[in-house]
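We call the chains A, B, C and D, going by the order they appear; numbering starts again at 1 in every chain.
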Amino acid sequence: MVNLGFSIGDLHFKNPVMTASGTFGYGPEFDDFLDVSRLGGIVVKGTTMEPREGNLYPRMAETPSGMLNAVGLQNKGIDYFETNLYPCISEYDTNIIVNINGSYVADYVQLAERINSLEKIPAIELNISCPNVKMGGMAFGTNLDSAREVTKAVRSVYSKKLIVKLSPNVTNIADFARVVEEEGADSISLINTLLGMSVDVVKMRPALSTITGGLSGPAIKPVALRMVWQVAKAVRIPVIGMGGIMTTSDALEFLLAGASAVQIGTASFIDPQASVKILEGIEKYLIEKGFSDIKDIVGFINRTC
Amino acid sequence: MAKRIEDFEVIDNKRINNDFFILDLFSVNKLPDIKPGQFLQVKVDGSPETFLRRPISMHDVDYDNNAIKLLIQIAGKGTETLSKLQNGDILNIIYPLGNSFSIPGVKEKVLLVGGGCGIAPLLYLGKWLKSIGIAPDILLGFRNSERIIEYDEYLKIGKVFLTTEDGSRGEKGFVTAHSILSTLKYDRIYCCGPDSMMKAVAMYSRKNNIVCEVSLENLMACGIGACLCCIVETVKGNLCTCIDGPVFNINDLKW
Amino acid sequence: MVNLGFSIGDLHFKNPVMTASGTFGYGPEFDDFLDVSRLGGIVVKGTTMEPREGNLYPRMAETPSGMLNAVGLQNKGIDYFETNLYPCISEYDTNIIVNINGSYVADYVQLAERINSLEKIPAIELNISCPNVKMGGMAFGTNLDSAREVTKAVRSVYSKKLIVKLSPNVTNIADFARVVEEEGADSISLINTLLGMSVDVVKMRPALSTITGGLSGPAIKPVALRMVWQVAKAVRIPVIGMGGIMTTSDALEFLLAGASAVQIGTASFIDPQASVKILEGIEKYLIEKGFSDIKDIVGFINRTC
Amino acid sequence: MAKRIEDFEVIDNKRINNDFFILDLFSVNKLPDIKPGQFLQVKVDGSPETFLRRPISMHDVDYDNNAIKLLIQIAGKGTETLSKLQNGDILNIIYPLGNSFSIPGVKEKVLLVGGGCGIAPLLYLGKWLKSIGIAPDILLGFRNSERIIEYDEYLKIGKVFLTTEDGSRGEKGFVTAHSILSTLKYDRIYCCGPDSMMKAVAMYSRKNNIVCEVSLENLMACGIGACLCCIVETVKGNLCTCIDGPVFNINDLKW
């Protein structure tokens, strides 16, 4: 038997495969396809203080080996989450992580305080990288001072595990990683979507109502992998890698490059069972390669070259 | 009713004209209960341009033979690839997805209105209505007589009325111009077709106080309520076409 | 007949389709496949003062809908170019543009001076965005001050058309566009490759000798398009768009978003005739849509929304 | 000799074992002059993972019928897709690419050494040598007897010597361990196979002062000298495998 577990501080994950925020709903959407409790964790849809309707339709465009989305954090707000969603999803035997979002630092702080008191939520993912909202979101994740400020503020009120999710739309991702580590983040997840665009040449207009949107899927994998590699070298806290992971081999690339765990995003749209298949694949790989612990391969390429 | 992910085998691929073809798919498993108006998400292999699954309606369901029929219009790369499938090819499918058309009262006079690939869900709906003792009228709109498809199939369900835009067969004009709408009084209309057609039918229904349900074809990524890409503005806020729809009562839509 | 021509200042291009540096050699490589003189222009391989051997093998990795390269500006230097290549390629009846590179500002300046005296070269493309060299390259294109400095220095010695090629690996591409416009660039081309990475999970090591490399191909198209759109709105000089253009429709997306012209890169590897096919396709589109001048569609989406 | 981009039709696809298959391709155009050692770049449709063309050697050329043969080993997605081609399928090909093996002197004693998919270019080379009056010996290395392919084809060209790693047929060990190398004196060796085999053969040749040419299989993007991705370090600096190669004299390589 191989050990697949990893930890963020004293928070244990039974395996390194989680699902990415905004691509797995709250979990029940996938109950028909897999046993959600088998996963290392699930990160639920981006949540805000107030309910949000998100952006206008069309919010999606397909691109070569990827997709653009401009959902814009549609969600029913923290009250609804607490009353209606939390009771049912806290039954899952896995780490449930809430992805939190705001327009102002105060929004993030309020949300973090609220979620701090939810017993079955052991961690939050601080989303400072949503490219699809007019205020907040990526603005925090593309400015070092803002990234520092919001991380610090949330850290001061949130006592459980704080994961900060970085934006890839920056010149130097390692700088952001170091800043949030300094301010007390327990882990870093990346990447969120790359800012992209698509034009409908028949209709001669942008494909998305918001013109630009977030690019995800295999197309972004090489960029995501490079950034995860850079960040893993820059910080000591565990790094959670994502961006275009569709197969076991993709997930392994991230682990070998230095990620302690991975999140599966867009892949779940194409194959709702992708996450568990990848989990099984990683275990098989370890056995075949003769490793007994997932830690043996994390950052492997950095050891040899 | 649980959603499934399953491989189907192509047992027939019939081209019906330049734009349309019908796929017959067979599963080794017993089909689950599939409701009229539901759809499936099919994985199209063979190109980076068909990264996402494609949503297609249930055109017909044959429980005895574990087979389903899809009526598909070639709209782009994905549907083109599907049009070239050969018997024995395997398709990976997630189904059944979405809500369904509502059940009409026993005495109701029902009209099905369809155009383009929007006629797809109406065949299974019609058969199902017939099975519960309702013989709907069917009003189909096409661009011209050459584009008329599946006419004989719909004839088996009820009376079929036609419009063509150029008047080459049936009445001339759009479906909403058909005389039947001014001569007969329906209690309920089910409609699927281009947006403009559905909106016109919705307006007509509203004006005449007819219960009307439309089946939307919004762009979808996941098809299972996870991505929130397929939304439609409703009086209850943004709802997902893939789980709250694709069938909506027009009173809920902000049309 | 439709007018396909466009101009950078008083330099006329007979049509808006060029080939991208490093993907079309010097032209003769493609003589068997197309009439190079039909193109609006060709940008030859990145050239440096001294000969360069480039990076170690392996320099290439395939990725979903794209490829990584780490060529590292292998070229025989300006002397060789002048003596051996220039005489033969200057026979082409099209605009031949030299892509220039250096480790220091002085290198760029020297090169620009040399090329200024080559009669048949009406423009240079200042490459401040090569991700595959240890010194110079992208370092200039990811720092506003350096971008300004090198543009200014080259402008002061180069009297013909100066095109500056931007790096996409930045937080705010429009800032870079504005800076180089201020310093006298006549045109801006973008994007160069995105910094990416790939891991060979069987061999458990990076796929490239340099670990990271430049991502090109359809995968990057949405990001390229977004940046071209942002830059076209930020400056008045003509913008030349590129990044993942494989088909007529791809090229049209860039034109509709605000590019005055496009460059075809990686596509030429898969279909050496891609550039002329796209040229023909653009003309056909204009006719079908009832436009008489390519200018009618440049930036079209910005007019309507 | 001008390079071309052309559609070929698959006229036969023969699976020879788990890993190898032979594609017969037909062109409606008259074939250009193709030299032994040259290769082609084939476009593999059907997946975002086969974005680039795949380089494959000319295994055999049939000028009378405008047909070429490819011997292909399934190595990944691209070659797997090719292995599933059916008669009538169309392949887009850029060819002929690269340099070629040199012409030996009339009196020279020539040995061809190959292993794995590296045996592919040796058949056409052998036939061509025969046509100019040279009957080469052929030394092929395989993992075991079950992996031996194309034996009869090579027999038609000259004497064939075998090694298998497990000794299940021919001599046991790698090609360089074959007794023929210590008993016979060759003037010239042409080699294609795994890197380790080519390096061992190069070492042997150097030691014994034998002219030796190897055909490299570097990763390629364009195949026509435009991308500079396929380089090999030589005494003349970095050269492109696709235009300066794939065939190199070992004296030029930094092996």
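In this section, a contact is a pair of C-beta atoms (placed from the backbone, for glycine too) under 8 Å apart; a residue touches a chain by one contact, two chains touch by 3 or more.
On a predicted model such as this, the values are computed, not experimentally measured, just so you know.
The chains touching chain C as well as chain D are A, B.
Of the two chain pairs examined here, A-B and B-C, the one linked by more C-beta pairs in contact is A-B. Chain centres here are Cα averages; for chain A and chain B they lie 36 Å apart.
Between the CA-based centres of chain B and chain D the separation comes to 54 Å, rounded to the whole angstrom. If you average the CA atoms of chain B and of chain C, the two centres end up 47 Å from each other. Separating the centre of chain A from that of chain C, both taken as means of CA atoms, is a distance of 34 Å. Shown for chain C are the residues that touch two or more other chains, namely 63-66, 217-218. Residue numbers of chain D whose C-beta contacts span two or more other chains: 48, 51.
Viewed as a network of touching protein chains, the structure reduces to a complete graph with every chain in contact with every other. Of all the residues in chain C, the ones that touch chain B in their complex are 64-65, 218. Considering their complex, residues 45-48, 51 of chain D touch chain B.
For chain C in complex with chain D, the residues that touch the partner chain are 22-25, 29-30, 32-33, 45, 53-54, 57-67, 69, 71, 74, 217-218, 266, 268-273. If you check the complex, the residues on chain C that touch chain A are 63-66, 68, 142, 169-172, 194-199, 201, 204-206, 211-212, 215, 217-223, 225-226, 229, 244, 249, 252-253, 256-257, 285, 289, 297, 300-301, 304-305.
Contact residues on chain D toward chain A in their complex (touch as defined above): 48.
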